[in-house]
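Only one structure is covered here, and it is reproduced in the block below.
Chains: A, B, C, D and E, in written order; residue numbering restarts at 1 for each.
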Amino acid sequence: MIALTLILLLSPLIGTLLLLLCQNSSKDLTILISNISILIAFLLSLFILYLFYSSNPGPISANFLTFADTKLFSLHFGIYIDSLALIMSSVVTSVSLLVHYYSISYMKDDTSFNRFFIYTNFFTFSMLLIVFANNFLQLFIGWELVGLSSYLLIGFWIKKESAIKANYKAFLVNRVGDIGLLLGLCLILLSYNTTDYNQIFQIKNSINIDSVSIFGFTFNALSAICLLLFIGAMAKSAQVPLQFWLPDSMEGPTPISALIHAATMVTAGIYMVARLSPLYELTDGVLIFILYVGSITAFFLGLVALVQNDIKRIIAYSTISQLGYMTAALGASLYSLAMFHLITHAFFKALLFLCAGSIIIKCHHEQDIRKIGGLRKYMPITYLAFMYASLSLIGFPITSGFYSKESIIDAIGYFGHTIPYLMLLLSIFTTTLYTSKIFFKVFFGESTLPKEEQNENPSNENDRQMLLPLFILTAPSVFLGLFIYDPLMIGILFQNSLAANELMMSFYNGYVINSFKFFLHSFTTINFLILLIGLIFSYLYYYKKAFSINVPHFIRTTLTKEYGFESLSSYLIPKVQNIFTKYLWRKIDISTIDNGLINNTSSFINNLSSKMKKLQTGFIYHYSLIIISALILLLILMRITH
Amino acid sequence: MLELFYIPEVILSIGVLLVIIIDLYLQKHKYISFFLIQLLLIIASLYALTEVPQQNYSSYEFSEFTSSIKFILLLGAIIIFQYTYQHLNYLNSLKIEYFTISILGLVGTMVMISAYSLLMLYLGIELLSLALYALIGFNKHSGLSSEAAIKYYVLGAMSSGILLFGISLIYGFTGSINYFDIADQIRNINSTSVQYLGIIFGLIFITASLCFKFGAAPFHIWVPDIYQGSLISTTILLSTLPKIGVFIVFLKLYFIPFMALEYVWSDILIFIGIASIIIGSIFALTQENIKRLLAYSAISNIGFIILAMALVSNDGLHASLYYTIVYSFTALASFGVVTHITSNSHGIEDISDLAGLSKTHPYFAILILITMLSSAGIPPLIGFHAKLMVIQALINNSYILISIIVVLMTVVSAYYYLRVIKTVYFEDRENLISTYTSSNILLSINVILLLGLGIFPFILFDTTSFLVDLLTVISI
Amino acid sequence: MIPISYYLILSTIIFTLSVAGIFLNRKNILVLLMSLELMFLSVNFNLITLGNYLGDLTGQVFVFFVLTVVAAESAIGLALLIVLFRNKKTIDVDDLSELKG
Amino acid sequence: MNTELITFFIFSFLLIVTSVKVITSSNPVLSAIYLVFSFFLSAVLWLLLGAEFLSIILILVYVGAVMVLFLFVVMMLDINIAKKSAAYIKYLPVGIGVFVIFNVLIIFFFISTFENINYNAINSINVISESNTENLGYVLFTDYIVEFEIAGLILLLGILSAIVLTYRKNPNNKYQNPTEQIDVEKKDRLKIIKGLKE
Amino acid sequence: MLDYPILSILIWLPILVGLILVASNDIGKSLSTVITLLTTLIILIISVKLFQSYDYSLGNLQFVERFVWISGLNIFYYLAVDGISVSLVLLTSFINFLIAIYASSEDYNNKSSYLGYFLILEGLLMGTFSAFDSILFYIFFESLLIPLFLIIGIWGGENRKYATIKFFLYTFFGSVLMLISIIYLANLADSFAIEDFYYLTLSFEEEVLLLLAFLIGFGIKIPMWPVHTWLPDAHVEAPTSGSVILASVLLKVGGYGMIRFLLPITTEAGIYLSDYMIYLSLIAIIYISFVAFAQEDMKKLIAYSSVAHMGFVTMGIFLVFNLMGNNPTAAAIGLEGAMVQMISHGLISAALFFCIGIMYKHSHSRLIKDNFGVAQFMPIFSFMMVFFLMANSGLPGTSGFVGEFLVITSSLGSSFLFGFLAALSLILSASYSLKLGKNVLFGDNQKNSQGYLECKSNEKIVLGTLVIFVLYLGISPDVLFNLLDKSVSDIISSISIGKA
């Protein structure tokens, strides 16, 4: 099993290397290599998952490459196999496979076709590195490598200015979080002398350091570590206030948005916290913080989506909001629910993005939904797929999204976290609104396609290669929830990988009973009411245009500006950075130190020299005077001293 | 008395008379006279190396130490004469009298070195000085040359007067002019007595005069003008041989007759040394004329020598001797290179005349590079070891602050050496109308030794430590 | 009887006069040379007087040599002066400042 | 007050006066004359000290040779008589200051150091005889023979230098060079010039 | 142990060949290129041999060559290596080999001298890293200035005269103070051998003064804030290979010196002053990063980035003082981090300067604004440059990460604030590194007026080799740790000796 996992892990990497080697070969070879390598990974993850559940050996950890092995510390690369990792890897590889397949067609006209697959393959590898990491160092390395791939992919179109700016921003914001993660990692190494999960899970609290003082606040070491690690997760999973890179990252190719910025990379933070749930359970205060961060993100960033007009940006804000749900679930110790939502979200959000990709291709890279309309006729398959994905997103009963999201909201309510509960409830409404907004605007109304294209046969709306993934993804988006809900809730699915199972059990036994009952019950809850109101409202507002709402300008601006984060990130910080750094350079480095200290000293000596040179007048009488004076001086000195 | 005829001074004096006469009959063939002179020097140097007369003359010292120094001196003279000959020959102003006068000056230096009485010392110094007056003014058609000569003459005569005044005081208060007797007298005089003060006064007068001859600040004032005004071959002579002579005079005077007054002169000399280093370094910074630059560099080097000597310790003594030899060697090389480069059929004057040399004459450029870096005290060249020894001696004697000043001044002085290198290597000349002589083996050896002895400093080191051992034998 | 100090004071005065002569003189170099002669004269006074004080002939011997040397020195000095005059057509002290800085 | 002392005072006073004149006269010829006077006066003072030989030498060598040389040069160089410049006045206080300080320093030092200030300066020294000249000669050719030789070298150097420095060939002089005349060869005499071809 | 004087060969072979090349005065470009390539290759092989023969389980000084050099002064010709030296010797020979490869296609006037000076420099660097007599060390240390001075001055850019003189005097100033300290110590210890200095008992005041002198000497070389201002100038004016050797090896001399002299000799004073010195390092890391961001010249940017990265080295070194008493493990981690950072920075900065040199050849401008959209024309080059920029910003998986990681770990042992401030480098270094990439490599360059061409094969080899090594050390730095582990703990223990 270890060997298989190793192959699974390395297969995308080998794909990357092969692609690198045959850079100038044909597209077919590229397609073959990249897709096969991911396919192998996917099949292997399914197979290993099967093996794992059939033999049930418990978590397996193995090292296979030494990073460092000294007296002071020993660090390795290794794999950690348990149900959590395997499920995550299945999700990652499946979405990745579909996106790869989809991209063949999506990217077919691009000059850097090969480069695209190098990046995506590399990304898949990095993501799997995180998933299978058996220690924090490897986690961190994978973490940064996905950041790198994300950076490269956002800026995939190297000639596009906005893309270049966006990937720069994305990388830097992620780096802010990485500071937290790195500090957490360092603290772990310092306090445990190892970064191995297994060893740390075993010793947990018995560590070298008692407490850490962070800017005057004293934490116990474990809390400090977890808090710092969570800061890393906040950046990667786009939680307030480090969320603003994600919408900009939509500058990359759409399949990438589906793969990285919806399904996989952004959930790495969630995965990490879930992975470390045994540690988080032992902290005090950190979880509450996480809960609030999650719910605030879920609510407030959902609102921002309402005022956006770019189809991809709306979905991006929706992603942030959904990630907020997951984070909130983590904060409430509902790790498996968070993971559950992660999985369902991966599928339906990938689906949404891929649909958006199809639409964008169809509309010749037009992304503004105000300029797109009436596509239902021309893209029937996409229309259907989009509809199912949207239903899943808004949590319409029986869809996958319903099970994961409703459970989170209900569970948070069930465990009495009132304020987060209210915020999450309200965001159901906003979710419904913005989802419907896209849906109605894009697929209904006047067609905006050029005349000659309107006459085309609707059945060949796009390449088949692009449609197939839509089909495939629709299935888990709609039905996955129903199938895995029960095993998940009673703890079969994740076995002992996640902590606080008893909490889940109490919720399940006390509230859910079973999946079907939960489905029925949901119609009686306030959640459903809000959902319905939202649907009706948006139907009237977006489709029938029955009424218009005058949102106060102030609120609209606030939302458009993303509560000021927008101006902060794209105007204020670069401006300040430019001015401030230039000031430092010119005033302190050049004027003060270099000119002031160094060059002034030398010019002082130089001036001294040219001034003193005038003493050498060239006149004999001056010379003799100097000599005699010196003699007299010596005489007087001697007379005084002796 | 017969063996006295074999001492180099006598050989040189008699030989030079012969050459003067022979030269009269060799109107066109100057090289023969020059060859004779070189031969004379070689013979003299060989005698300096081998013969040590057994018989001592009370006011004249014959010892292994003085013979060794004389040997070094004669060796230097041979090299200098070679450079000078080529230089003057190239400038079409070769006169054999130049060499005869130089040799008489050389004899004067040797007399200074061997002098064991103040009278002998005076005569030696005068013999040297008179030769130098003539040599400086030798370039009869140059206003600068005669200006320099007159300046040096007036100031030099004044310093002789000061020296004589000092000598008269010493004579009056100790009753003798013999070094040994003076030492005896001073040791026996009660330090509270009034005579003591008289001796100290005399000492200061003598110190001032010798510092003038040495070119140490604040009596250095003549040095740059005279270096600049005279022929460059004279400048080489001026910056090497007399310095060695005066240095030995310093050593002998302070460590034999005035040893008991060590606490007086050591302070004075430290002051003079520091002043020389500072003035030499700072004044040189903005010089444009290469001879002036080297003059200030000489002043600063003299400062090092005096400083090391002023420590009155064995390592200081050794350091100063080592430094003197290294300095002379470096000065020989640096001036030697300059003598070999001429631009527009007269010697180069300004640093900027050297611009672009590395492109046209890489050979000379490398020579200049090595000599300048050695002067700046950059390892692994020999100049570094010399400075190292001085600084080590300073630190060993707990003069930490002074050593810091000294090294800081070394940094300052590095700047002007670098300026020369910069001009040679990094600057291009607009109009390359310069003619240069071809390479020269002797010069190459001279320069390469700066590097070679830097890597194998123990060769010179052992020699000088041997000399210092000799010196301590005679002085104590 | 003449006290020894009289002679010494006399020589000192002449010595300082000659020194003053050197650095006060703005006219021609000849006078500088004469001042130097005076200086040596004063030193000779010193030497002879102190020799007498010590009852020692060395002082006078010294003076003998000083006289010899100074004679030769004057010869060279005057020769230089002539060369200078030929080059510059002047022997003014004030005109001797081409070398400076 | 004895005659010696009176003589000393008169002559030393005159010596100081002539010395001052030497350095202040505006005419170098006058300076030279005053210097000659100074030498004479000094010679007398040296006689008082019992240094007969030296005082004679001073007059013979100095007045007779050196000072004549000086005057010769003065005549030769055709020097203008300069006026006292403003700079002279400006530097006079400095000069006087240095003069005074120096004097005070040394005179006070002499007075304070010599325990026996009143020691009689007039003292004849006997080595082999009463005669100063004889004594001096004896010492010179025995104890100081090497120095004497070196003094000879110095004189030689003085001659050599003076000649080298001042000697110049007059280009207008016509003189024969026998060596060249003998060395001459055929080709030096006859120069074949190629004519221009028509 | 080998039976031939391997260290002497390493030092003198390149110097001799270099001197011959310089003296031969342009013997032809191809011949001198071949000679240089061969020599550097031989040296590389010998140093690999050294590395293999080095027994790192022992950690003591090995391959000792010790002869009396100047007997009267007690100066020895004393060469040896420990793990720290071996790693730097390897780096030197490796980088020089790359320079030789890179220079093979370059065209300079008087190329044989150019290459000759590099060879001399290589030999002197070897000497610096293996001299264990302090005067010998100083001689090599100081001699380094000469060839570099000439390289920059002769083959440098517009403003080279100012830059070289500044560089020379700056470093000379620092080193003379060091010389005084060395002599002072030698005077006390009656020996110039470095290890004899470790056992001296010094008063606190003495230690403080010595510390300051050494700190100025090595701090200028490394360079530390605020004595770093010579570096940007020197880098900007230096020819590509000159910048490479300057950044990748010469700066390391400072760090090496600190480890050899500062740590074990001036321990008490170091402990007393460590906070201030760490703050200086932090200023270098943070402030200099800001300054780097403001740069308009690519070379200056990388030069400032070097200063910032060397801040980690000094921080790692000074943390030893801070942590020795209460957490020796963390102290050792810090020191190893500093060493790894030195090696890694040696590779990465070399690569970046090569990259800039290659771009400069096409655009003839080092200004960021004159280079634009390079990636379109030079995809492979751009790929590698992005890699190096990432490595420069401390991307895990590259060597750039390892050192910073260890230093930050160690600093957390001292105080969270130190760790946090140091970790800020993560974002700052990324911001300036990627800014460079963003502005230079990417974007749409329609004019192609600069005529960028994909780099030549030898340049590809150079950059590719560096990619491999940066990756290798990033993924499995174990080989370095093995080399350093024992030597580092030896130094830590010798510090304790000094303390006791």
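Note that in this section a contact is a pair of C-beta atoms (placed from the backbone, for glycine too) under 8 Å apart; a residue touches a chain by one contact, two chains touch by 3 or more.
For clarity, every value in this text was computed on a predicted model and none was experimentally measured.
Shared contact partners of subunit A and subunit E, listed by label, are B. By the document's definition of touch, common neighbours of subunit C and subunit D comprise A, B.
Within the contact network of the assembly, the step distance from subunit D to subunit E comes to 2. Comparing chain pairs B-E and A-D by the number of C-beta pairs in contact, the larger count belongs to B-E. Relative to the whole-protein C-alpha centroid, the nearest chain centroid is that of E. Comparing the CA-atom centres of all chains against that of subunit D, the greatest distance is found for A. Remark: subunit B and subunit D have CA centroids separated by 28 Å (rounded to whole angstrom). Centroids of subunit A and subunit B (each the mean of its C-alpha atoms) stand 78 Å apart. Centroids of subunit A and subunit C (each the mean of its C-alpha atoms) stand 97 Å apart. For the pair subunit C and subunit E, the distance between mean C-alpha positions equals 65 Å. In subunit D, 91, 98, 102, 106, 109, 114, 143-144, 147, 151, 154, 157-158, 161, 165 are the positions where the chain touches two or more neighbouring chains simultaneously. Across the assembly, subunit E contributes residues 169 that each touch 2 or more other chains. Residues of subunit A in contact with two or more other chains: 602, 613, 616, 618, 620-621, 624-625, 628, 635.
Remark: the chains found to touch one another pair up as A-B, A-C, A-D, A-E, B-C, B-D, B-E, C-D. Against subunit A, the residues of subunit D that register as touching in their complex are 91, 94, 98, 101-102, 105, 109.
Here subunit E touches subunit A in the complex through residues 166, 169-170, 226, 229-230, 287, 290-291, 293-295, 329-330, 332-333, 336, 373, 375-376, 379, 386, 390, 393, 395-397, 401, 405, 408-409, 412-413, 416-417, 419-420, 423-424, 426-427, 430-431, 434-435, 438, 441-444, 475-478, 481-482, 485, 489, going by the rule given at the top.
Those residues of subunit A that touch subunit E in the shared complex are 65-73, 77, 115, 137, 140-141, 143-145, 148, 151-152, 155, 158-161, 164-165, 168, 171-172, 175-176, 178-179, 182-183, 185-187, 189-190, 193, 212-215, 577-578, 580-582, 584-586, 588-589, 593-594, 597-598, 602.
Interface residues of subunit D, counted against subunit C in their complex, comprise 2, 4-5, 8, 12, 15-16, 19-20, 22-23, 25-26, 28, 31-32, 35, 38-39, 42, 45-46, 48-51, 53-54, 57-58, 61-62, 65-66, 69-70, 73-74, 76-77, 79, 82, 84-85, 87-88, 91-92, 95-96, 98-99, 102-103, 106-107, 110-111, 114, 116-123, 125, 127, 132, 135-136, 139-140, 143-144, 147, 151, 154-155, 157-159, 161-162, 165-166. Of all residues in subunit D, those touching subunit B in their complex are 106, 109, 112-115, 143-144, 146-147, 150-151, 153-154, 156-158, 160-161, 164-165, 168, 177, 179.
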